[in-house]
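Paired with subunit B in one complex and with subunit C in the other, subunit A is shared by the two complexes that follow.
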Partner chain A sequence: MRTRGLWLLAILCAMLPLSGCWDAEELNRRAVVAGIGIDLSPDKKEYRVSYQVIIADEISGKTGRGGTPTMVYSAQGRSIMEATRKVSMLVPRLVSTAHARIVVISEELARQGISDIVDFLDRDSDIRLTAKIFVAKNGARAHDILSGLSAMGKITAYTLAQKTEMTSKEYGANYPVEIDDVIRDILVPNSGPIINGVDILGNVEDVRKQSNLEKTDALGILRMSNIAVFRGARLKGWLTEDESVGLLWVKGKLNKTSIVITPEEQGEITLDVRRSKTSTQVLLKDPEHPVVLVKVTAQLSVREMDSTIDLRDPATLNELEVYVNKEIRKKMKAVVDKAQSLNSDIFCFGQTLERQHPQKWKSLKGQWNELFPKLAVEYHVDSIVRNSQMRDRSFKYDLNKE
Partner chain B sequence: MLRHLSRGRSGRQNKSNEQSQITGDLQQMLDRVVAESGHSPDIVIRHIKLGGPVPVPVKAAIVYLNALSNQQMINNFVIKPLMGLEPEKVNAYPTDRLMKYILEDALSLGETSVVKEWTDVMMAVLSGDTVLLVEGSDQGIVSGTAGGEWRAVNEPTSQLVVRGPKDSFVESISTNISLIRRRIKSPDLWLESMKIGSVTHTHVAMMYMKGCADPDLVEEIRQRLKAIRIDGILESAYIEEFIQDKTITPFPTIFNTERPDVAAGNLLEGRVVILVDGTPYTLILPTVFAQFMQSPEDYAQRFDISILMRIIRYICFVILLLGPAVYVALTTFHYEMIPTLLLVSLMAQREGVPFPAFVEAVIMEVVFEILREAGVRMPRAIGQTVSIVGALILGQAVVEAGVITPIMVIVVALTGIASFALPSYNLSIAGRLFRFYFLVLSGLFGFYGITLGLIMLIAHMNSIRSFGVPYLSPFSPFIPQAQKDAILRLPIWMHGWKPLMSSSQQDMKKTGEIKPQGSANSEGGEQTSSNERQKGQNQGSDPESRQGKQEEPNEN
Partner chain C sequence: METTKFSPLQFFSMLIMFQLGTALVVNLGMEARKDAWIAVLSGMIIGMLLYLGYAFLYTSFPDKLPTQYSRILYGKYVGWLIGFAYTVFYMNKASRDLMDGGLLVFASTLKETPLFIINTMMMLSIVYVLHKGIEVLARTAFILLWVVFLIGMTILLLVLFSGILDFTRILPVLSDGVQPVLKSVYRQNYQFPFGEIICFTMIMPFLNNQKAGVRVGLLSILLSGLILSATVVTTISVLGVEIAERSIFPLLTMVGKASIADFIQRMDILVVMVLIIGDFFKISVYFYAAVIGISDLLQIPYRKILYPLALIVLFSSLTIARTYSEHVKKGGEVLYMIDPLFYVILPAALIIAALIYRARSRRQAGT
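Right after this comes the complex of A and B.
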């Protein structure tokens, strides 16, 4: 019995070094970070890391003093970690990044390369790989993006993450890019990640003031912007809005978007894409010159038309579909051309080739660098108009008859 | 107190040991009764002259304890016939013949016996029976006139159901036996009785279904009961502590109930029921953990609903064990696991609260235990005040004063409610104890500690045996057939195999020794049951007389 007791005591003692009482931290001693921003310091030599810290008291506490719901603290350092440690000079509590939902990198820094940052984000045990990553566009600093206040949702970082999700569902010019995606894409040869841009609409100084929220027509607002194209770990260029949509078409990430077509003599017709599917195939008729075939099927619904055509007629619908196909092809072609000009295989055509023709890839791997810019891409778009919402003809239909 | 008393008593008994038999000297015997009972005024000695005033009346006396015996019975069935004895016969017969004559022809009582030992005389008197002593005879005649006041059969107070029988055991063991016998009318329902307690001589009865209960189990229980050496038994818990397998565990290994239907149901499942005089709580053994999660209500409601309720009870047990521990672990170790908006709200609450979450949890749990303890012991009228002060004033004030976070109050209240949702009070207090153990572990090591604690808890539960049956029985070892009535409660006609026990000995259908009263076809029996019950109530305390025939009382 006594030896058993001693054993038990020994086991209990063995438990102590295994665990982490040192991990224990009361909630009111933590500064929970909602977003991380990384800029270059003014002298371009150091990192300037900003943390958007949640001030819980101002959000749901009874003892709030009417301050802003978040605060941004930043510090400079030669590495991100050094800057993070220096933040403790400003923040009285333990900076805890497990709830950080966005990481913003300034364009300037992105053009220099982000591999150092990605390593930090990957290595850190607190930061989640599902945090969304952004590039601050149009000269805005990551710090400015984090300083913004938003009317809906008190934590700006989270509203920005929500904006990304919402707009990728509704418009399709962005899709949520997480740290994990970036790590994967950097590793793809002759390719690079694509990262959503974010910029500030309106006055940068106004965005960070609480008075910004006292107007119905906000002076400053954070806006999801177009997609940044990287090659390796460096930012190479920006897509336009149409190219961004085209990118989502090619990658098959599109949920919903709207397409405006102008058939001859019919006025504008707007269609919604309800469902779409993309498949990519690499054809090897000529072994040295692979051809990529992008097949897109889309189901659409007519949402708006300034026209008197009769949508009950299948022939009319077929005509519409031809215009839609053209429009989709145009957008896809635009983005492929742009990517080829930047020589960044953001669609991972190389990987498709590797998957479909592993033997061939071995020989083409070395030349992919030169092959990609000249790669022939064919588009097969097959769209079907599924419905026309509540009406088949426009209210103007009868007017036309008389 | 008890021990002191016993020393006094036993000392006196030793002194009179030299004369343990009844002698023919009536006056001496009566003096001895008076002396040994310390001139108690409640001992009644009624002198009777047998055979009337004719030539030489035979002197006799009856002795009884007026508080414990049924006066009317004594008057009508003992004194009256004794007074009416035929004088010729009284005078003609020698003493031995006279005693036989009185026993066989005069006393119109069902329960009578002849005693020769002096201790039997005293025991009979102290049990409420009437002892007849006759001048010149070395025998005494004991008439069963035990009576006295008992609480009537009422609704159960601690194990309530919405639908189901509404009677509960009382303090009288004979009433309790009758409540069970009324439910199981089978000669296979066997009863053994014995007296335990060197001072209290408490009547303890063991009931089981012959052919259904494992004979080895019955023998084991019999041996353990016989081995008990104690002055007094005042509650069945005394017996429980003597006979249970493992004392060093907070888990109850013997089930107790105040419901006759639960006792009867367990008898049919092959368990043994131990009844103790003086308490409405009977013991049921062997017991497994799953039994504490079952309520008699489960069999009265539809099976699908019962399954849901059982699952909810298991969830409640987990909440009871881990509620505050998980809260402490989450807030102090694993803040990343809390959904962000909840985290913000928690942080805002914790702002300005002086104590760490662990201390906060301990304070609130202790306060809760104090309130519960106060509420339980208070007279009913004051009990309400306690709950108002505790729940409303203290709960609200403590939050408003900023000493405790509101979420902590929610967590503690939730665990409190969860502890009340368990059908068995024993298990819920075991859970309350373990809650502190988990709280400390989580305060030290977070979820890591909780996981270790759970491993140790389950290992411990696996080590417990209740009379040889593993405590986690239908789950570990896993018995597929028994799952029909473990967490699930499939329709009764699907059961067939009786649940929970590990040995197939207990399967009534398989052995076929028992007639169908164990299975579901009770339709025929139910129609007559109401009549039977009325009859039974009129009969009063006769079940006790019946059990006397089956087994000689074993005295300690």
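Right after this comes the complex of A and C.
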């Protein structure tokens, strides 16, 4: 009798853990956040945090009511976390940020400083460091960016993340910047992170309406924009498109891009960069004035030409290479000049110096903010035009002969 | 004493699991910043020397527990006290590791679950295995070693193929000189996790092959030292020392960063698995060492005191510190000065006594 009672007790005890995980919150009780947007509140004292939440019913199709696939909820608070808690007043489910893939910060806030935001993103155990960061450009609020709808892919935040990946590979005026990149760069002395801009092409009001998707040329579309330069945690300025490409070249992040050159007495020739490699060296001929040497080797192919030159002759290709080298150098110089005028070592030349000459860095570290704006930078560009696609001469070559 | 025995291979797996245990996931050697990996390697070398000392004691008394031979060497009262000090130390270590594992699981994944429940679950499974005996624990170690190995390989491939490694982040090597490295070795690395294998002296008498056992022990320190050092290098070259140093759980963050084609990602839960498995062995071995020691000192059957002692470990794990910071601070600022008593000083005293004892008994045998 006594053993039977003990058994019963044991079975009853076993029922407690059998109900499963204490922390379990089923998927249909969660609101999955795809993107986070952070603005300043209208009175500039608080944060306004917006969450792009995926509406699963609309994604799966059958149960949809014809609404938008995502919804944006926002709340205001003195910190990001407070605002997040307050969002529960609007959302019936547990706001779950584990799948957030983008974080958008408004330009106004970025100019004020992002260190508080970065700490939240770094510390939170749900948000992964792989989330991509953007700055909303041209007066767009982060809220507006998240409200946008896109024709390809139902979840705008994920589409934006894909756009970043794609344009980084194809055009090279952006490259994916993730949370940990920002944290590391803020901590580099006299440097700061670089963050991709994003803006709205078209009307802010139209881009958030479902009717936006009912025309072939959408009224509004989210566009990857140029790169924002920070110093410390504050936004200092924007790069132009050429400077952005130059930046990727200096940092060695470039995959593909196109270069248009106009050799003398010839029409425009467009070349594709297929592969490019950058190495940076710091030379210490004069110990007090280090010189940075940026070496680029690029492989190109001719894609388009409005010209009659004959590409069968290797000498012609060599001539083209000279123009290409000049063009690449021009882009790199533009961005270096810009960074020096903003006095932000976004290329991390300081770290290169530290890695190559650790002893010298110790003495120069203190004066780096005075040295960097006057730093001499040399460029060695060596490009090779590998091929000219399917034709060697243009059809115009024959046109001219007759 | 029990008569169960285990093979050198099982001993090896237990040692590996014990050393990787919590060390793999917590912040290791970060006082040396970028050069943490050097600190880990230096700690490993010191650990091997310490182990040779422990192995010497074991080969001098191959079938006796340390609590037994300390009484032979230092007499009934002092020897008993030394043995008792060790068991208390092992109990404390077991509860500290229980706290470690519980808090890390609490901070990273199970945020709503009370710490008491997490720790109780862990302690229940440990007590269950130890009730079956040390041989079962040894066999479990061998099986789970493969699980950990597979997880490790998965993580390695994941990190390699997601292209997030940037080895320039550990450069320049030794930029602040050797001082931070030495400091880190002194404060942490030779003790944790390498010096901690002192508790294996309590279970080495159950080895079925004395010579091979000693050899695999040395090999296990080498292997786990290399694994730990490689892990530190990987973590720093993925996250950069700026993030890794502030992380409570750097490996978790590092693996969270890895993703292949936006498809294979969020594998960080694997790290939590490794933590739980490793922590399980760490607590088990410490706890077993304490239980067998007390059962020998007080002459109480082993299974009779297993459950009461488990309760002590469980409750002291909850009361040992109120916050994670307090827990870490105690380890980093106080215990590193007390623990060497058990890793270095007492073993050294025992070794000296054992040398004299050997010489004397040889002389007696000679005459």
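Definition applied: the second predicted complex is superposed on the first by the 380 of 402 C-alpha atoms of A that agree within 3 Å, B and C clash if a C-alpha of one lies under 4 Å from a C-alpha of the other, contacts with A are read in each partner's own complex, and residues count from 1 in each chain.
Note that a residue touches a chain if its C-beta (ideal position, glycine included) is under 8 Å from a C-beta of that chain, and two chains touch if they have at least 3 such contacts.
Because the structure is a prediction, the values reported are computed rather than measured.
K.L.:
Return fit or clash for subunit B versus subunit C, each positioned on subunit A through the superposition.
P.N.:
Once both complexes are aligned on subunit A, subunit B and subunit C fit side by side.
K.L.:
Just to be sure I read the superposition right, which of the two partners does A:63 touch: subunit B = first, subunit C = second, or both, or neither?
P.N.:
first
K.L.:
Does the superposition put A:129 against subunit B (first), subunit C (second), both, or neither?
P.N.:
After superposing on A, A:129 lies in contact with subunit C but is clear of subunit B.
K.L.:
Name the contact category of A:23: first (subunit B only), second (subunit C only), both, or neither.
P.N.:
both
K.L.:
Any idea whether subunit B or subunit C touches more of subunit A?
P.N.:
With both complexes superposed on chain A, more residues of subunit A are touched by B.
K.L.:
So in the superposed three-chain picture, is A:216 touching just subunit B, just subunit C, both, or none of them (first/second/both/neither)?
P.N.:
Neither: A:216 stays clear of subunit B and subunit C.
K.L.:
Should A:358 be classified as contacting the first partner (subunit B), the second (subunit C), both, or neither?
P.N.:
second
K.L.:
Looking at subunit B versus subunit C in the superposed three-chain picture, what is their shortest Cα distance in Å?
P.N.:
Nearest C-alpha pair, subunit B versus subunit C: 5 Å apart.
K.L.:
Using the superposition on chain A as set up above, list the residues of subunit A that contact both subunit B and subunit C.
P.N.:
Touching subunit B in the first complex and subunit C in the second, residues 21, 23, 98 of subunit A appear in both lists.
K.L.:
Show me the residue ranges of subunit C that touch subunit A in the complex, using the header's touch definition.
P.N.:
Touch list, subunit C to subunit A: 107-114, 117, 121, 168, 171-172, 175, 239-240, 242-243, 246, 253, 256-257, 259, 265-266.
K.L.:
Please name which positions on subunit A make contact with subunit C in the complex.
P.N.:
Residue list for subunit A touching subunit C: 17, 21-23, 98, 122, 125, 128-130, 178, 180, 183-184, 187, 354-355, 358, 361.
K.L.:
Going by the contact rule at the top, pick out the subunit B residues touching subunit A in the complex.
P.N.:
Listed in rising order, the residues are 331-333, 335-336, 340, 343-353, 356-357, 443-446, 448-449, 452.
K.L.:
In the complex of these two chains, what residues of subunit A are touching subunit B?
P.N.:
Touching subunit B: residues 15, 18-21, 23-28, 30, 32, 34, 54, 56-57, 59-63, 96, 98-99, 101, 126, 155, 158 of subunit A.
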